[in-house]
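Every chain is named by a letter (A, B and C) in the order it is written, and numbering of its residues begins at 1.
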Amino acid sequence: MKFKAMTAVAALLLSVPAMTLADPDEDALVVNGETEYVTETSAPAHLSDVLDTIYSGWRFREDETQALQMDDFDNPGMVFADLGLDQWNKVEGEAEKSCASCHGTPEESMKGVRAVYPKWNEAAQEVRTLAMQVNDCRETNMKAEPYKYTSTEMTNMEALISIQSRGMPVDVAVDGPVQATWEAGKEIYYTRYGQLELSCANCHEQNYGNMIRADHLSQGQINGFPTYRLKNAKLNQTHDRFRGCIRDTRGHTFEAGSPEFVALELYVASRGNGLSVEGPSVRN
Amino acid sequence: MAEGVKPRVKAPSSAAAGEAVVLKTLISHQMESGQRKNADGTAIPRSIINRFTCEFNGTSVIDIKMEPAISTNPYFEFEAVIPEAGDLKFTWYDDDGSVYEDVKSVAIA
Amino acid sequence: MEFTRRDTLALGMGAVALTVLPFRANAAADDAIAEFTGGAAMADTGVTLTAPEIAENGNTVPIAVEAEGAVAIMVLAAGNPTPGVATFNFGELAGAHSASTRIRLAGTQDVIAIAKMADGSFARASSNVKVTIGGCGG
(Lines give C-alpha, C1' and ligand atoms only; values in the text may rest on other atoms or scores of the structure.)
Protein backbone atom coordinates (compact mmCIF):
# COMPACT_ATOMS: atom_id res chain seq x y z
CA MET A 1 0.00 0.00 0.00
CA LYS A 2 1.35 3.42 -0.79
CA PHE A 3 0.84 6.74 1.01
CA LYS A 4 1.40 10.38 0.14
CA ALA A 5 4.25 11.85 2.23
CA MET A 6 2.26 14.30 4.36
CA THR A 7 -0.54 11.85 5.01
CA ALA A 8 2.01 9.24 5.99
CA VAL A 9 3.71 11.39 8.60
CA ALA A 10 0.38 12.71 9.86
CA ALA A 11 -1.04 9.22 10.19
CA LEU A 12 1.96 8.16 12.25
CA LEU A 13 1.83 11.18 14.54
CA LEU A 14 -1.84 10.59 15.22
CA SER A 15 -1.29 6.94 15.86
CA VAL A 16 1.18 7.71 18.66
CA PRO A 17 -0.99 7.76 21.78
CA ALA A 18 -1.85 11.33 22.72
CA MET A 19 -0.75 12.46 26.19
CA THR A 20 -3.28 10.93 28.53
CA LEU A 21 -6.24 13.08 29.49
CA ALA A 22 -4.87 14.88 32.50
CA ASP A 23 -7.63 16.22 34.67
CA PRO A 24 -6.73 18.66 37.43
CA ASP A 25 -4.74 16.80 40.08
CA GLU A 26 -5.80 16.21 43.65
CA ASP A 27 -3.14 18.30 45.38
CA ALA A 28 -4.03 20.83 48.05
CA LEU A 29 -2.52 24.30 48.07
CA VAL A 30 -1.18 25.16 51.48
CA VAL A 31 1.08 28.19 51.60
CA ASN A 32 3.84 28.60 54.19
CA GLY A 33 2.60 25.47 55.87
CA GLU A 34 -0.32 27.36 57.33
CA THR A 35 -2.86 28.84 54.92
CA GLU A 36 -4.99 26.49 52.85
CA TYR A 37 -6.43 28.00 49.69
CA VAL A 38 -9.62 27.01 47.95
CA THR A 39 -8.60 25.66 44.54
CA GLU A 40 -11.79 23.74 43.83
CA THR A 41 -15.37 24.71 44.51
CA SER A 42 -18.87 24.63 43.06
CA ALA A 43 -19.25 26.78 40.00
CA PRO A 44 -21.05 30.08 40.60
CA ALA A 45 -24.75 30.22 39.75
CA HIS A 46 -24.32 32.02 36.46
CA LEU A 47 -22.27 29.05 35.17
CA SER A 48 -24.68 26.38 36.32
CA ASP A 49 -25.58 25.38 32.78
CA VAL A 50 -21.99 24.82 31.64
CA LEU A 51 -19.79 23.91 34.63
CA ASP A 52 -20.30 22.06 37.91
CA THR A 53 -16.95 22.64 39.49
CA ILE A 54 -14.37 25.37 39.07
CA TYR A 55 -10.66 24.80 39.57
CA SER A 56 -7.75 27.16 40.06
CA GLY A 57 -5.03 27.01 37.43
CA TRP A 58 -2.70 25.80 40.19
CA ARG A 59 -4.34 22.37 40.00
CA PHE A 60 -3.28 21.85 36.39
CA ARG A 61 0.42 22.42 36.86
CA GLU A 62 3.21 19.89 37.44
CA ASP A 63 4.25 19.14 41.01
CA GLU A 64 7.50 21.09 40.69
CA THR A 65 5.65 24.21 39.54
CA GLN A 66 3.03 23.84 42.26
CA ALA A 67 5.76 23.62 44.89
CA LEU A 68 7.09 27.02 43.87
CA GLN A 69 3.93 28.66 45.16
CA MET A 70 3.79 26.91 48.49
CA ASP A 71 6.36 29.00 50.31
CA ASP A 72 6.60 32.77 50.08
CA PHE A 73 10.36 32.49 49.76
CA ASP A 74 10.16 29.91 46.99
CA ASN A 75 7.69 32.08 45.09
CA PRO A 76 9.66 34.32 42.73
CA GLY A 77 6.68 36.66 42.33
CA MET A 78 7.03 37.81 45.92
CA VAL A 79 10.21 39.81 45.34
CA PHE A 80 8.17 41.93 42.94
CA ALA A 81 5.62 42.58 45.65
CA ASP A 82 8.59 43.75 47.76
CA LEU A 83 9.46 46.16 44.96
CA GLY A 84 5.80 47.18 44.95
CA LEU A 85 6.10 48.03 48.64
CA ASP A 86 9.04 50.31 47.87
CA GLN A 87 6.85 52.04 45.32
CA TRP A 88 3.98 52.24 47.83
CA ASN A 89 6.20 54.16 50.22
CA LYS A 90 7.78 56.43 47.63
CA VAL A 91 6.68 60.05 47.51
CA GLU A 92 5.88 61.03 43.94
CA GLY A 93 4.03 63.75 42.09
CA GLU A 94 3.26 67.39 42.69
CA ALA A 95 1.09 66.70 45.72
CA GLU A 96 4.21 65.26 47.41
CA LYS A 97 2.48 62.15 48.64
CA SER A 98 3.07 58.44 48.54
CA CYS A 99 0.37 55.75 48.60
CA ALA A 100 1.21 55.42 52.29
CA SER A 101 0.35 59.08 52.97
CA CYS A 102 -3.36 58.35 52.51
CA HIS A 103 -3.56 54.57 52.77
CA GLY A 104 -1.19 53.77 55.63
CA THR A 105 0.17 50.26 55.25
CA PRO A 106 -1.12 47.91 52.53
CA GLU A 107 -2.16 45.46 55.26
CA GLU A 108 -4.42 48.06 56.83
CA SER A 109 -6.02 49.57 53.78
CA MET A 110 -5.99 47.00 50.98
CA LYS A 111 -7.45 43.93 52.69
CA GLY A 112 -10.15 42.41 50.52
CA VAL A 113 -9.72 44.94 47.72
CA ARG A 114 -8.32 42.65 45.03
CA ALA A 115 -11.04 40.07 45.71
CA VAL A 116 -13.80 42.32 44.41
CA TYR A 117 -12.08 43.82 41.39
CA PRO A 118 -12.94 44.65 38.59
CA LYS A 119 -15.77 46.68 40.06
CA TRP A 120 -18.11 49.59 39.51
CA ASN A 121 -16.89 53.05 40.31
CA GLU A 122 -19.92 55.21 41.04
CA ALA A 123 -18.22 58.58 40.68
CA ALA A 124 -16.68 57.70 37.33
CA GLN A 125 -19.70 55.66 36.19
CA GLU A 126 -17.55 52.88 34.82
CA VAL A 127 -16.20 49.43 35.63
CA ARG A 128 -12.63 49.73 36.82
CA THR A 129 -9.80 47.26 37.01
CA LEU A 130 -7.26 47.53 39.80
CA ALA A 131 -4.79 49.14 37.42
CA MET A 132 -7.28 51.79 36.37
CA GLN A 133 -7.99 52.62 40.00
CA VAL A 134 -4.29 52.83 40.90
CA ASN A 135 -3.72 55.27 38.07
CA ASP A 136 -6.74 57.34 39.00
CA CYS A 137 -5.32 57.70 42.51
CA ARG A 138 -1.91 58.60 41.14
CA GLU A 139 -3.20 61.24 38.79
CA THR A 140 -5.96 62.73 40.90
CA ASN A 141 -4.61 62.47 44.44
CA MET A 142 -0.84 62.33 44.02
CA LYS A 143 -0.72 64.51 40.92
CA ALA A 144 1.80 61.99 39.65
CA GLU A 145 2.35 60.37 36.27
CA PRO A 146 0.20 57.30 35.76
CA TYR A 147 1.99 53.96 35.43
CA LYS A 148 1.91 52.49 31.95
CA TYR A 149 -0.84 49.84 32.09
CA THR A 150 1.35 46.74 31.70
CA SER A 151 4.53 48.20 33.15
CA THR A 152 6.61 46.49 35.80
CA GLU A 153 5.60 49.22 38.26
CA MET A 154 1.91 48.56 37.76
CA THR A 155 2.36 44.80 37.97
CA ASN A 156 4.44 45.14 41.16
CA MET A 157 1.69 47.26 42.68
CA GLU A 158 -0.98 44.73 41.66
CA ALA A 159 1.06 41.99 43.31
CA LEU A 160 1.35 43.98 46.55
CA ILE A 161 -2.40 44.67 46.61
CA SER A 162 -3.29 41.07 45.67
CA ILE A 163 -1.35 39.70 48.63
CA GLN A 164 -3.71 41.53 50.98
CA SER A 165 -6.62 39.44 49.63
CA ARG A 166 -4.84 36.11 49.56
CA GLY A 167 -6.97 33.24 50.71
CA MET A 168 -10.14 35.32 50.42
CA PRO A 169 -12.77 34.21 47.90
CA VAL A 170 -13.01 36.05 44.61
CA ASP A 171 -16.31 37.89 44.73
CA VAL A 172 -17.00 40.21 41.81
CA ALA A 173 -20.46 41.55 41.07
CA VAL A 174 -22.23 40.30 37.96
CA ASP A 175 -25.33 42.46 38.09
CA GLY A 176 -26.45 45.93 39.06
CA PRO A 177 -24.50 48.73 37.37
CA VAL A 178 -21.86 46.31 36.04
CA GLN A 179 -24.36 44.16 34.20
CA ALA A 180 -23.92 45.66 30.74
CA THR A 181 -20.12 45.38 31.00
CA TRP A 182 -20.43 41.82 32.28
CA GLU A 183 -22.65 40.83 29.36
CA ALA A 184 -20.18 42.38 26.94
CA GLY A 185 -17.37 40.39 28.55
CA LYS A 186 -19.39 37.20 28.34
CA GLU A 187 -19.99 37.75 24.65
CA ILE A 188 -16.26 38.18 24.01
CA TYR A 189 -15.58 34.96 25.97
CA TYR A 190 -17.79 32.98 23.63
CA THR A 191 -16.71 34.69 20.38
CA ARG A 192 -14.34 32.87 18.07
CA TYR A 193 -11.30 34.95 17.15
CA GLY A 194 -8.47 34.75 14.69
CA GLN A 195 -7.46 32.57 11.82
CA LEU A 196 -7.84 29.55 14.10
CA GLU A 197 -11.36 30.66 15.05
CA LEU A 198 -11.04 29.80 18.71
CA SER A 199 -13.03 31.30 21.55
CA CYS A 200 -11.94 31.29 25.19
CA ALA A 201 -14.67 28.71 25.81
CA ASN A 202 -13.39 26.28 23.17
CA CYS A 203 -10.27 25.64 25.23
CA HIS A 204 -11.09 26.67 28.77
CA GLU A 205 -14.64 25.48 29.11
CA GLN A 206 -14.91 22.61 26.65
CA ASN A 207 -11.38 21.25 26.85
CA TYR A 208 -9.89 22.06 30.25
CA GLY A 209 -7.84 19.12 31.47
CA ASN A 210 -6.83 18.19 27.93
CA MET A 211 -3.47 18.90 26.35
CA ILE A 212 -3.14 21.43 23.58
CA ARG A 213 0.16 20.28 22.10
CA ALA A 214 2.51 20.55 25.08
CA ASP A 215 0.30 22.66 27.37
CA HIS A 216 -2.09 21.30 29.96
CA LEU A 217 -5.24 23.41 29.57
CA SER A 218 -6.71 24.99 32.68
CA GLN A 219 -10.12 26.59 33.04
CA GLY A 220 -8.51 29.96 32.40
CA GLN A 221 -9.35 31.31 35.85
CA ILE A 222 -7.65 34.56 36.86
CA ASN A 223 -7.77 34.24 40.66
CA GLY A 224 -3.99 33.84 40.60
CA PHE A 225 -3.15 37.02 38.74
CA PRO A 226 -0.76 38.77 38.58
CA THR A 227 1.08 35.54 37.97
CA TYR A 228 4.78 34.72 37.73
CA ARG A 229 5.17 32.77 34.51
CA LEU A 230 8.11 30.39 34.21
CA LYS A 231 8.01 31.08 30.50
CA ASN A 232 9.05 34.72 30.78
CA ALA A 233 10.31 34.69 34.37
CA LYS A 234 8.27 37.70 35.41
CA LEU A 235 4.88 38.77 36.72
CA ASN A 236 2.10 38.96 34.14
CA GLN A 237 -1.24 40.72 34.29
CA THR A 238 -4.56 39.39 33.04
CA HIS A 239 -4.54 41.70 30.03
CA ASP A 240 -1.05 40.47 29.09
CA ARG A 241 -2.41 36.96 29.08
CA PHE A 242 -5.57 37.82 27.17
CA ARG A 243 -3.37 39.43 24.53
CA GLY A 244 -1.22 36.31 24.32
CA CYS A 245 -4.25 34.05 24.02
CA ILE A 246 -5.83 36.03 21.20
CA ARG A 247 -2.48 36.23 19.41
CA ASP A 248 -2.34 32.45 19.66
CA THR A 249 -5.56 32.23 17.66
CA ARG A 250 -3.66 34.18 15.01
CA GLY A 251 -5.99 37.08 15.50
CA HIS A 252 -5.51 40.78 15.92
CA THR A 253 -5.75 41.38 19.62
CA PHE A 254 -7.38 44.07 21.76
CA GLU A 255 -5.02 46.27 23.78
CA ALA A 256 -4.26 46.07 27.47
CA GLY A 257 -6.56 48.51 29.25
CA SER A 258 -9.08 48.51 26.39
CA PRO A 259 -12.82 48.47 27.23
CA GLU A 260 -13.00 45.00 25.64
CA PHE A 261 -10.40 43.57 27.99
CA VAL A 262 -11.88 45.38 30.98
CA ALA A 263 -15.21 43.72 30.22
CA LEU A 264 -13.55 40.36 29.60
CA GLU A 265 -11.60 40.63 32.84
CA LEU A 266 -14.80 41.29 34.78
CA TYR A 267 -16.53 38.32 33.18
CA VAL A 268 -13.59 35.93 33.58
CA ALA A 269 -13.09 37.02 37.20
CA SER A 270 -16.74 36.18 37.88
CA ARG A 271 -16.22 32.67 36.54
CA GLY A 272 -13.84 32.21 39.46
CA ASN A 273 -16.13 33.55 42.19
CA GLY A 274 -15.47 31.31 45.20
CA LEU A 275 -11.87 30.39 44.42
CA SER A 276 -9.25 31.91 46.69
CA VAL A 277 -7.23 34.89 45.51
CA GLU A 278 -3.73 33.47 45.03
CA GLY A 279 -1.81 36.36 43.52
CA PRO A 280 1.00 36.47 42.92
CA SER A 281 0.77 32.85 41.81
CA VAL A 282 3.25 30.74 39.82
CA ARG A 283 2.26 29.27 36.50
CA ASN A 284 4.03 28.06 33.39
CA MET B 1 23.77 49.23 40.09
CA ALA B 2 21.06 47.88 37.80
CA GLU B 3 17.50 49.08 38.44
CA GLY B 4 15.01 46.89 40.23
CA VAL B 5 17.61 44.45 41.61
CA LYS B 6 16.35 43.44 45.01
CA PRO B 7 17.38 40.54 47.24
CA ARG B 8 14.86 38.47 49.19
CA VAL B 9 16.20 36.11 51.83
CA LYS B 10 14.56 33.64 54.19
CA ALA B 11 16.69 33.01 57.24
CA PRO B 12 15.63 32.14 60.79
CA SER B 13 15.95 34.89 63.36
CA SER B 14 17.27 32.41 65.91
CA ALA B 15 18.74 28.90 66.06
CA ALA B 16 20.18 26.47 68.57
CA ALA B 17 23.99 26.57 68.74
CA GLY B 18 25.33 24.19 66.12
CA GLU B 19 21.98 23.79 64.37
CA ALA B 20 21.85 23.49 60.58
CA VAL B 21 19.27 25.88 59.18
CA VAL B 22 17.71 26.12 55.71
CA LEU B 23 18.29 29.37 53.84
CA LYS B 24 16.37 30.51 50.78
CA THR B 25 17.67 33.36 48.66
CA LEU B 26 16.27 35.11 45.62
CA ILE B 27 17.34 38.24 43.80
CA SER B 28 15.43 40.00 41.04
CA HIS B 29 17.85 40.09 38.12
CA GLN B 30 17.32 39.58 34.39
CA MET B 31 20.36 37.25 33.95
CA GLU B 32 20.76 38.19 30.30
CA SER B 33 22.41 35.08 28.95
CA GLY B 34 23.96 36.44 25.78
CA GLN B 35 21.94 33.98 23.68
CA ARG B 36 18.96 36.24 22.98
CA LYS B 37 18.83 38.35 19.86
CA ASN B 38 17.53 41.85 19.18
CA ALA B 39 14.83 42.54 16.62
CA ASP B 40 17.60 43.30 14.12
CA GLY B 41 19.32 39.96 14.75
CA THR B 42 22.28 41.18 16.80
CA ALA B 43 22.96 39.33 20.03
CA ILE B 44 22.01 41.05 23.30
CA PRO B 45 25.24 40.98 25.30
CA ARG B 46 25.59 38.75 28.33
CA SER B 47 24.95 40.47 31.67
CA ILE B 48 24.48 38.11 34.57
CA ILE B 49 25.23 37.69 38.23
CA ASN B 50 28.24 35.41 38.03
CA ARG B 51 28.84 34.57 41.70
CA PHE B 52 26.90 34.23 44.94
CA THR B 53 28.41 33.78 48.37
CA CYS B 54 27.06 33.31 51.86
CA GLU B 55 29.21 33.79 54.94
CA PHE B 56 28.47 33.60 58.64
CA ASN B 57 30.60 35.88 60.85
CA GLY B 58 33.16 35.91 58.05
CA THR B 59 33.35 32.13 57.54
CA SER B 60 32.23 30.70 54.22
CA VAL B 61 28.97 28.76 54.03
CA ILE B 62 28.71 28.46 50.26
CA ASP B 63 30.34 30.03 47.20
CA ILE B 64 28.50 29.50 43.92
CA LYS B 65 29.94 30.14 40.48
CA MET B 66 26.96 31.04 38.29
CA GLU B 67 26.68 30.62 34.52
CA PRO B 68 24.09 32.00 32.05
CA ALA B 69 22.00 28.83 32.47
CA ILE B 70 20.83 29.99 35.89
CA SER B 71 17.27 31.29 35.41
CA THR B 72 16.21 34.91 35.63
CA ASN B 73 15.71 35.93 39.26
CA PRO B 74 18.31 33.49 40.58
CA TYR B 75 17.18 31.32 43.47
CA PHE B 76 19.33 29.24 45.83
CA GLU B 77 18.31 27.07 48.73
CA PHE B 78 21.04 25.63 50.94
CA GLU B 79 21.93 24.97 54.58
CA ALA B 80 24.18 26.76 57.04
CA VAL B 81 25.42 25.66 60.46
CA ILE B 82 25.01 28.38 63.11
CA PRO B 83 27.69 27.91 65.80
CA GLU B 84 27.04 31.18 67.71
CA ALA B 85 25.06 34.41 67.41
CA GLY B 86 26.04 36.53 64.45
CA ASP B 87 25.35 37.70 60.93
CA LEU B 88 24.68 35.83 57.73
CA LYS B 89 26.00 37.91 54.86
CA PHE B 90 24.73 37.24 51.33
CA THR B 91 26.59 38.73 48.38
CA TRP B 92 25.82 38.70 44.68
CA TYR B 93 28.45 39.77 42.11
CA ASP B 94 27.24 41.23 38.80
CA ASP B 95 29.15 41.01 35.48
CA ASP B 96 28.98 44.82 35.38
CA GLY B 97 30.92 45.12 38.64
CA SER B 98 27.94 45.86 40.88
CA VAL B 99 27.79 44.02 44.17
CA TYR B 100 24.47 43.41 45.94
CA GLU B 101 24.30 42.47 49.61
CA ASP B 102 21.88 41.45 52.27
CA VAL B 103 22.53 40.67 55.93
CA LYS B 104 20.41 38.62 58.33
CA SER B 105 21.21 38.43 62.02
CA VAL B 106 20.75 35.13 63.83
CA ALA B 107 20.45 34.91 67.63
CA ILE B 108 21.10 31.79 69.62
CA ALA B 109 17.87 30.41 71.07
CA MET C 1 5.96 11.66 -3.52
CA GLU C 2 4.78 8.22 -2.55
CA PHE C 3 6.02 5.98 0.25
CA THR C 4 5.78 2.33 0.96
CA ARG C 5 4.65 1.29 4.43
CA ARG C 6 8.28 0.53 5.24
CA ASP C 7 9.36 4.02 4.26
CA THR C 8 6.58 5.57 6.28
CA LEU C 9 7.57 3.73 9.44
CA ALA C 10 11.21 4.71 9.00
CA LEU C 11 10.25 8.35 8.49
CA GLY C 12 8.00 8.27 11.56
CA MET C 13 10.50 6.60 13.85
CA GLY C 14 13.05 9.18 12.81
CA ALA C 15 10.66 12.00 13.63
CA VAL C 16 9.89 10.52 17.05
CA ALA C 17 13.58 9.94 17.74
CA LEU C 18 14.38 13.57 17.00
CA THR C 19 12.09 14.75 19.77
CA VAL C 20 13.61 12.55 22.46
CA LEU C 21 17.32 12.44 21.65
CA PRO C 22 19.44 15.16 23.21
CA PHE C 23 19.11 17.68 20.49
CA ARG C 24 22.77 18.51 20.81
CA ALA C 25 25.37 16.19 22.33
CA ASN C 26 27.91 18.66 23.63
CA ALA C 27 31.63 17.97 23.45
CA ALA C 28 32.12 21.08 25.56
CA ALA C 29 30.40 19.24 28.43
CA ASP C 30 33.06 16.51 28.29
CA ASP C 31 35.77 19.18 28.29
CA ALA C 32 34.28 20.86 31.33
CA ILE C 33 34.10 17.54 33.16
CA ALA C 34 37.72 16.71 32.29
CA GLU C 35 38.87 20.07 33.56
CA PHE C 36 36.99 19.62 36.86
CA THR C 37 38.12 16.05 37.49
CA GLY C 38 41.54 16.10 35.85
CA GLY C 39 40.44 13.01 33.99
CA ALA C 40 39.89 10.99 37.18
CA ALA C 41 37.33 8.19 37.21
CA MET C 42 33.88 9.03 38.58
CA ALA C 43 31.85 6.75 40.82
CA ASP C 44 28.18 6.47 39.96
CA THR C 45 27.01 6.81 43.54
CA GLY C 46 27.70 9.57 46.03
CA VAL C 47 25.87 12.45 44.40
CA THR C 48 22.14 12.77 43.81
CA LEU C 49 20.60 15.04 41.21
CA THR C 50 16.89 15.76 41.42
CA ALA C 51 15.29 17.14 38.26
CA PRO C 52 11.83 16.76 36.75
CA GLU C 53 11.26 14.13 34.09
CA ILE C 54 9.37 16.65 32.00
CA ALA C 55 10.08 20.34 32.51
CA GLU C 56 6.91 22.42 32.64
CA ASN C 57 8.89 25.18 30.94
CA GLY C 58 12.53 25.08 29.85
CA ASN C 59 13.09 28.66 30.98
CA THR C 60 12.81 27.85 34.69
CA VAL C 61 13.51 24.23 35.69
CA PRO C 62 13.92 23.48 39.43
CA ILE C 63 16.81 21.13 40.25
CA ALA C 64 18.56 20.03 43.43
CA VAL C 65 21.93 18.40 44.09
CA GLU C 66 23.27 16.69 47.18
CA ALA C 67 26.53 14.92 47.98
CA GLU C 68 27.43 14.11 51.55
CA GLY C 69 31.00 15.07 52.27
CA ALA C 70 31.47 16.84 48.94
CA VAL C 71 33.73 19.84 48.65
CA ALA C 72 32.06 21.02 45.46
CA ILE C 73 29.35 19.99 43.00
CA MET C 74 29.42 21.09 39.37
CA VAL C 75 26.24 21.04 37.30
CA LEU C 76 26.26 20.90 33.51
CA ALA C 77 23.53 20.94 30.88
CA ALA C 78 24.92 18.79 28.09
CA GLY C 79 22.58 20.09 25.41
CA ASN C 80 22.70 23.84 26.08
CA PRO C 81 24.67 26.21 23.81
CA THR C 82 27.23 26.38 26.62
CA PRO C 83 27.10 23.51 29.13
CA GLY C 84 28.06 25.31 32.35
CA VAL C 85 25.23 25.81 34.83
CA ALA C 86 26.77 26.34 38.27
CA THR C 87 29.47 25.11 40.61
CA PHE C 88 28.53 24.91 44.26
CA ASN C 89 31.55 25.21 46.57
CA PHE C 90 30.69 24.24 50.14
CA GLY C 91 32.36 26.24 52.91
CA GLU C 92 33.28 25.34 56.46
CA LEU C 93 29.85 26.35 57.78
CA ALA C 94 27.77 24.56 55.15
CA GLY C 95 25.06 22.38 56.66
CA ALA C 96 24.06 19.46 54.46
CA HIS C 97 26.13 19.61 51.28
CA SER C 98 23.14 20.25 49.09
CA ALA C 99 21.67 23.08 47.07
CA SER C 100 18.58 23.81 45.00
CA THR C 101 18.20 26.27 42.17
CA ARG C 102 16.33 26.93 38.92
CA ILE C 103 17.98 26.61 35.53
CA ARG C 104 17.39 27.17 31.83
CA LEU C 105 17.34 24.21 29.49
CA ALA C 106 17.32 24.89 25.77
CA GLY C 107 15.82 21.54 24.85
CA THR C 108 15.52 17.90 25.92
CA GLN C 109 18.92 16.87 27.30
CA ASP C 110 20.95 15.33 30.08
CA VAL C 111 21.66 17.41 33.16
CA ILE C 112 24.87 16.20 34.81
CA ALA C 113 26.14 16.67 38.37
CA ILE C 114 29.76 15.93 39.28
CA ALA C 115 30.73 15.97 42.95
CA LYS C 116 34.30 16.42 44.16
CA MET C 117 34.70 14.68 47.49
CA ALA C 118 36.93 15.69 50.38
CA ASP C 119 39.24 12.74 49.67
CA GLY C 120 39.82 13.90 46.10
CA SER C 121 37.55 11.31 44.48
CA PHE C 122 34.66 12.14 42.16
CA ALA C 123 31.07 11.02 41.70
CA ARG C 124 28.67 11.54 38.82
CA ALA C 125 24.92 11.55 38.38
CA SER C 126 22.80 12.54 35.44
CA SER C 127 19.15 12.99 34.67
CA ASN C 128 17.42 13.27 31.33
CA VAL C 129 14.96 16.16 31.30
CA LYS C 130 12.39 16.43 28.52
CA VAL C 131 11.73 19.98 27.45
CA THR C 132 8.65 20.37 25.34
CA ILE C 133 8.25 23.04 22.74
CA GLY C 134 4.96 24.36 21.53
CA GLY C 135 1.56 24.69 23.03
CA CYS C 136 -0.62 27.67 23.46
CA GLY C 137 1.62 29.39 25.96
CA GLY C 138 0.73 32.83 24.62
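Note that a contact is a pair of C-beta atoms (placed from the backbone, for glycine too) under 8 Å apart; a residue touches a chain by one contact, two chains touch by 3 or more.
Computed from a prediction, not measured in an experiment: that's the story for all the values here.
Viewed as a network of touching protein chains, the structure reduces to a complete graph with every chain in contact with every other. Of all chains shown, the one whose average CA position lies nearest the global CA mean is A. The chain pair with the larger count of C-beta pairs in contact, out of A-B and A-C, is A-C. Inter-chain spacing, taken between the CA centroids of subunit B and subunit C, is 22 Å. Centroids built from CA atoms put subunit B at 30 Å from subunit A. Rounded to whole angstrom, the centroid-to-centroid distance between subunit A and subunit C, based on C-alpha atoms, equals 33 Å. Residue positions of subunit A with contacts to 2 or more other chains are 233.
Under the contact definition stated at the top, the residues of subunit C that touch 2 or more other chains are 59-61. Shared interface positions of subunit B, defined as residues touching 2 or more other chains, are 71-72, 75, 77.
Listed in rising order, the residues of subunit B touching subunit A in the complex are 4, 6-10, 24, 26-28, 71-73, 75, 77.
Here subunit B touches subunit C in the complex through residues 20-22, 33, 35, 54-56, 59-72, 74-83, going by the rule given at the top. Residues 1-5, 7-9, 11-12, 15-16, 52, 54, 56-57, 59-62, 132-138 of subunit C are the ones touching subunit A in the complex.
Against subunit C, in their complex, subunit A makes its touches with residues 1-5, 8-9, 11-13, 16, 61-65, 67-68, 203, 211-215, 217, 229-233, 241, 243-245, 247-248, 284. Residues of subunit A touching subunit B in their complex: 71-74, 76, 78-80, 82-83, 86, 152, 233-234.
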